[in-house]
């Protein structure tokens, strides 16, 4: 068995094992063991990747290619480069943290963990696929369990949110499918057979007219899940209604599929289309960055604040991708990772606060630093990380994006960059507002004085997410170099 | 064949009959009237069978035989339809289409 | 140079921070105080050693102080641009090391007494250490990005320390305000860095500042809106510096920042962090001086002069002693900025630069001393307001004396430290720009006046009846006072021009006796006026207030700048931008998406009726369909 | 002569067909249909398919119409007026029917029929032979199938018409 297929296989085995469990205790132990194995595999993969990379200079390593559906030349084709490796690691960590955070899942725990792990299969598969069709299949696998997870275990208007989220993502999938087929049917532009293989298509000179037509479709198809303005509206409602672990996974990992897809498919396969359209999507992304930040200021629900903050941060990912240069792309990948950890951490903390105080309305909270100091302190740290404080991952990512974006000579792009940079101030405003109202100040509610202290599994979940944030922020060199190296073939393809 | 009468004229008449039947089928609101319209349509097509047999392939009999079959089937159909109508009338005391719309919604 | 020792200077406080931060609950408060002080003591000794080595042993080559750099790549941006982490040793960084070390150590010691019994004792020392680490990193930075990184860290430690009394809403909002205002300024800084990096291809100070380097020689190659892009970059970077150094109009956070514990005010908002802006300009001084013939430097000079005047006027009317000191800080920072602004580069021409650094050094000592004295007073009377004080000289003799020394130093009375540095500044200004010189002299007078106003108000004047009899502070608090007072007395005699100059060569600076006499005279007039108004309780002051009427009111309300900013942020940004965007999102963007969904449901609801179950309807549709298709395909399509 | 007869027959058929589908009296509508069916029988006579004409008269005019009349009498009062469709629907239907008719006619008239001049008379025995022939082109199998179908229809009709009573019995075993 090759090292990558295990990422699909282990969750499947975990699910099978979960089927035979009874009750919360067994279910969570099994899921924890499964996720721990995944986590171990992800770490092992990083080392294996470095080892392989030393001798192997292909674009992708650990490639495995099995014909899946012969008539249409669909393959089960997997492989990774530095970018997917880091994203796999992100996924493994967030899933594991998610399991810890759901330690006390009361309703239908078995089904919950099964859905959660099905979701993770989709994400793993998406990150390792090198075949457009397989990629699309995994994309769908990742999206569908979302409906169940929100619809069944959510809070508030959960059916509405679940429906909205699923419908919008499905709509995007429909657009995406058209785009993928469009690419497929033009993959023989230089002669040869039609293929879904990304690496093969990248070598083909797809005609400019075709690129112009299909780039926006591909981009929008992926960018909806990356919360591109104005297709972001599923995200606040979805996040607000979802249970904690699902919010974490969704914002932390699932939304990254958007940026990754844009990068792997739209940018890599349709570079001329990307150049042709970049100005237009730059405008949308820039609006998203500013708009998300400003929207977050006026929200009162913690999850909404975080959801809009995600819109802003992920807008920055798309913004960087559209800048079409190595530094900005490096920033985009780093930002994906960084946002993945940070937002997962945020949602975990919000979940803990909600569990204790039974409200997410900032106006009803206050003085939490006094009563639950650990959670509050971590919230402050997460907030500082989110506003791009040096020493945390967000800073590293944002600086790469800004420096990269500024490399673009064109005045229009410069202005867009300056506008996006100004989001760091607005971000500070909404983060500090929440910190000020919710954590500091006098304790507003007598009931808060007896809040339960943080438990060991919550601490574990938090630390799992916090360590990478700090690690990336303090010593970014190895990570950013690893990504930069993997970006080389891409940037050569594009420019 | 009919002396002095071309196939066009006959086909014209049958077409007219056919569309009258269609018109009736669509506009009438009563099951029996609809049955009547169906009979018109069937008859128009039967004539076509016969006429084309006669005018174009006079030494064959397929058209005639088919006409017989159609008439037989029409008879069976009418019998069944009438029994259904009567059964329905027993149940709901009406043979109006609008009262039999339980399939809708 | 022994770089291991130098790198340890910031790392020791960092280690202390991590230790205290992670084991916050487990460490006894008394122990954590010792750990904090010990950590900083190590750093201070190392700094002193570094200074000695640099200035007296091996720093000089051919009469010029060398720049030593040791760095490692932290992150790569492009093939040419990268963020390095490292330490740069040159006169100003070594001088700053001393300033930070001495003040920080004194504040650490002082805090052991001042913060005694506070809930967050350990946390406080952790934050102090974090701040010290960041500040060391800032002064040792080798490049723009590194300085930006520590700049932000300094900002956040300031945020944490201002908001230290986090249950007090005013402290929370002050912390938030400080962070956001400086963050806003940092936005300019960051954009400046981006521009600078892009056009010069480097972030390194050494490369940038080299007068023969390509960055300075080619400043005219690209221009934007009539000015060199590098000028724009420098102006933007100066905005960052102005934010941290509370220059007008980004000064509004500094008075509010006094909500923090007083030792914090002494360390961060008087001596170290707020001079970061001055340090930044000094750091990039060759660029400021050479690019576009010092266009950006002129801006620095005027902004500095105006801020200095503006703050001195406001300081006269404030009644909270810490706020008086805050505005005084702002005013003195403006002084340093204006000194930089009027400076030349080589030899004696660079007097302003040297004077600015000199003033930075002396100011750090006496202003920290003033704050610590104020802290001691506040500790004794439990109030920040002048009206609650008076006649304290009897109860707190040491505080009285040290405060007096500091006040004399800031008023520029010889032989205290302030006299020398201020004199150099005024000489430099006199030689370059008379207008700025007059502003400087006027401010010197105002400074003396407001400083002695609070001095007399606190220690003389009316004999307030105290609920608890005030008493002198413990030794842990008075020792730093005495130590800093000593430095305030002797600090002025350091031959600064030998060590810290723009071209690093060193020159002989002499007192300019006529100008010095004028400055001292103006200072003495200020002190005399204060004596008349405030020495004994009388109503002269009230008469003056009535005389100036609305002007006094404006000044005392700080010319309503807070209100203007509040209006812009609350009314315009929050209510006119943010709220509508949030509403727009819910109503239109989301509305459109939901609308599409609802329309789909509605449409299906509508066309569901077509599936009526009536065979007749189907037949009609069928016939009509067949007819239309036949029409289209047979008769229209074919020809 | 035949021409005149044909036109008269055609006129009768069309007029009565129209009357049949527009009349608001059920019974009249059935009687008009009877006239149409008779007219069709007339056409069969004209083209010399006497057997077919006879079948038409007996099965249709004699059998089916009577059946329908019975059902009408069973379920209707003779005076009852029928509902008619909405005018808009009538117009729409008319339009599409006319359009369809137009298409039919244009198609028919634009096609060259390969008419073979003849005056052959078909005897009943020929038809019978054809129906019962099991050689090539024989119709014995459909013939049998139709027989079974008629039987099945008969049984079905009886069961449907009696359906209520059967269920009644089941419901009330006593």
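All chains are identified by letter, namely A, B, C and D, in their written order; residue positions are counted from 1 within each chain.
To be clear about the criterion, a contact is a pair of C-beta atoms (placed from the backbone, for glycine too) under 8 Å apart; a residue touches a chain by one contact, two chains touch by 3 or more.
Everything numeric here is computed off the predicted structure, so don't read it as measured data.
Asker: Return the chains common to the contact lists of chain A and chain B.
Answerer: Where chain A and chain B share a partner, that partner set is C.
Asker: Look at the interfaces A-C and B-C and say which one is made up of more C-beta pairs in contact.
Answerer: Ranking A-C and B-C by C-beta contacts puts A-C first.
Asker: Would you mind checking which chain's mean C-alpha position lies nearest the centre of all protein C-alpha atoms?
Answerer: The chain sitting closest to the overall C-alpha centre is A.
Asker: Just the number, please: Cα centre separation of chain A and chain C in whole Å.
Answerer: So the centroids are 37 Å from each other.
Asker: Could you work out how far the Cα centre of chain B sits from that of chain C, in whole Å?
Answerer: 97
Asker: Just curious, how far off is chain D from chain C if you go by their C-alpha centres, in Å?
Answerer: 102
Asker: State, to the nearest whole Å, the distance from the C-alpha centre of chain A to the C-alpha centre of chain D.
Answerer: One centre to the other, that is 70 Å.
Asker: Give the residues of chain D that touch two or more other chains, as numbers and ranges in rising order.
Answerer: Within chain D, residues 89, 93, 97, 100 contact more than one other chain.
Asker: Where in chain B do residues touch two or more other chains at once?
Answerer: 22, 26-28
Asker: Could you say which residues in chain C touch two or more other chains, in rising order?
Answerer: 620, 623, in rising order.
Asker: Which chains are in touch, pair by pair?
Answerer: The list of touching pairs comes to A-C, B-C, B-D, C-D.
Asker: Hey, which residues of chain B end up touching chain C in the complex?
Answerer: Within the complex, chain B touches chain C at residues 22, 25-28, 34, 97, 101-105.
Asker: Can you check the complex and tell me which residues of chain C touch chain D?
Answerer: 620, 623-624, 626-627, 630-631, 634-635
Asker: Provide the residue numbers of chain C that touch chain B in the complex, in ascending order.
Answerer: 608, 611-614, 616, 619-620, 623
Asker: Show me the residue ranges of chain D that touch chain B in the complex, using the header's touch definition.
Answerer: Per the stated touch rule, the residues are 2-3, 6, 10, 13-14, 17-18, 20-22, 26, 29-30, 33, 36-37, 40, 43-44, 46-49, 51-52, 55-56, 59-60, 63-64, 67-68, 70-72, 74-76, 82-85, 89-90, 93-94, 97-98, 100-101, 104-105, 108-109, 113-120, 122, 126-127, 130-131, 137, 139, 142, 146, 149-150, 152-154, 156-158, 160-161, 163-164.
Asker: Within the complex, which stretch of chain A touches chain C?
Answerer: Per the touch definition, chain A meets chain C at residues 163-164, 167-168, 229-234, 237, 291, 294-295, 297-299, 326-327, 367, 369-370, 384, 387-391, 395-396, 399-400, 402-404, 406-407, 417-418, 421-422, 424-425, 428-429, 432-433, 436, 439-443, 476-477, 480-481, 484.
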